[in-house]
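Multiple structures are listed underneath, in structure tokens.
Two complexes are shown next, each including chain A; its partner changes from chain B in the first to chain C in the second.
For the complex of A and B:
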């Protein structure tokens, strides 16, 4: 199966997918760690794909989204952004809105705590 | 493979001649930068579109293990 087809299958089968370096339990890059940490803390159920484990996916995901960096977050099959965008959206509350609109469960109190601590 | 802050600014400037560009060397190692780009052309674009345009200006410098620039934290917006 082509990398592109694998990616399509993955982001279709899972509401929230994070393409990252390492795993959500053991991230291997600070930027991946930050996004995985936010999602973990907010109690979001997400699938993680370790791009370091598969060179075809590592390049394929960049081609797929026309985005040169990892991590990359997908919600309901749509590319949302990388680390900087997710950080901004977390602090502004836009990530809460996006998850809520897509019917993805998350802990609103935890999200508020992140904003209080970084406000 | 490190890059100088002014090289990053020049690359971005080539695509965004009238932007307000601020480059910060986060770690002092020539490898971890933050860039803030404020440009009128961003108005009406979402962040993904804005940052894609900045990445395009960087012409592959961020690509993969061979990229000269490992880390560039981007902030993009239209002028207030």
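For the complex of A and C:
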């Protein structure tokens, strides 16, 4: 199966997918760690794909989204952004809205705590 | 040309920014993945330009990626972008 088809299958089968360096339990990069940490803290159920484990996916995901960096977050098959964008959207509350609109469960209190700590 | 200057040159040419700060943040990542002796691996960029008016976050980032070019983006291990109007 091509990398592109694998990616399409993965982001279709899972509401929230994070392409990252390492895993959500053991991130291998500070930027991947930050996004995985936000999602974990907010109690979002997400699939993690470790691009370091598969060179075809590592390049394939960059081609797929036309985005040069990892991590990359997908919600309901749509590319949302990388570390900078997810951080901004977390602090502005836009991530809450996006998740809610897509029927993805998350802990609103935890999200508020992140904003309080970084306000 | 140092990478910091290269980034400044390309972004200035593309967006005529009202504010542009490019910081080589590599030393803070010493020992981490992607660090190389002499720096030039990790950059923080803050840019403000009217060119970004009306663009989504993704569009803004794409515009900066395109202005820097694949060659330069490929050479940088980590690029943190703060983009606004």
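The rule is short, and it goes like this: the second predicted complex is superposed on the first by the 119 of 119 C-alpha atoms of A that agree within 3 Å, B and C clash if a C-alpha of one lies under 4 Å from a C-alpha of the other, contacts with A are read in each partner's own complex, and residues count from 1 in each chain.
Here is the rule we use: a contact is a pair of C-beta atoms (placed from the backbone, for glycine too) under 8 Å apart; a residue touches a chain by one contact, two chains touch by 3 or more.
From a predicted model like this one, the values you see are computed outputs, not experimental measurements.
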item: Touching partner for A:9 - first (chain B), second (chain C), both, neither; value: neither
item: Partner chain in contact with A:59 - chain B first, chain C second, else both or neither; value: first
item: Contacts of A:107 with chain B and chain C, given as first, second, both or neither; value: neither
item: Contacts of A:28 with chain B and chain C, given as first, second, both or neither; value: second
item: Chain B versus chain C as contact partner of A:82, first or second or both or neither; value: both
item: Contact residues of chain A, present in both the chain B and the chain C interface; value: 31, 66-69, 79, 81-85, 88
item: Touch list for chain B against partner chain A, complex; value: 47-48, 51-52, 55, 58, 60, 62-64, 67, 71, 73-75
item: Complex interface listing, chain A residues touching chain C; value: 21, 28-31, 66-69, 79, 81-85, 88-89
item: Residue numbers on chain A that touch chain B, as the complex places them; value: 31, 58-59, 62, 66-69, 79-85, 88
item: Parts of chain C lying in touch with chain A, wherever the complex brings them together; value: 29, 32-33, 57-58, 61-62, 65, 70, 73-74, 78-82
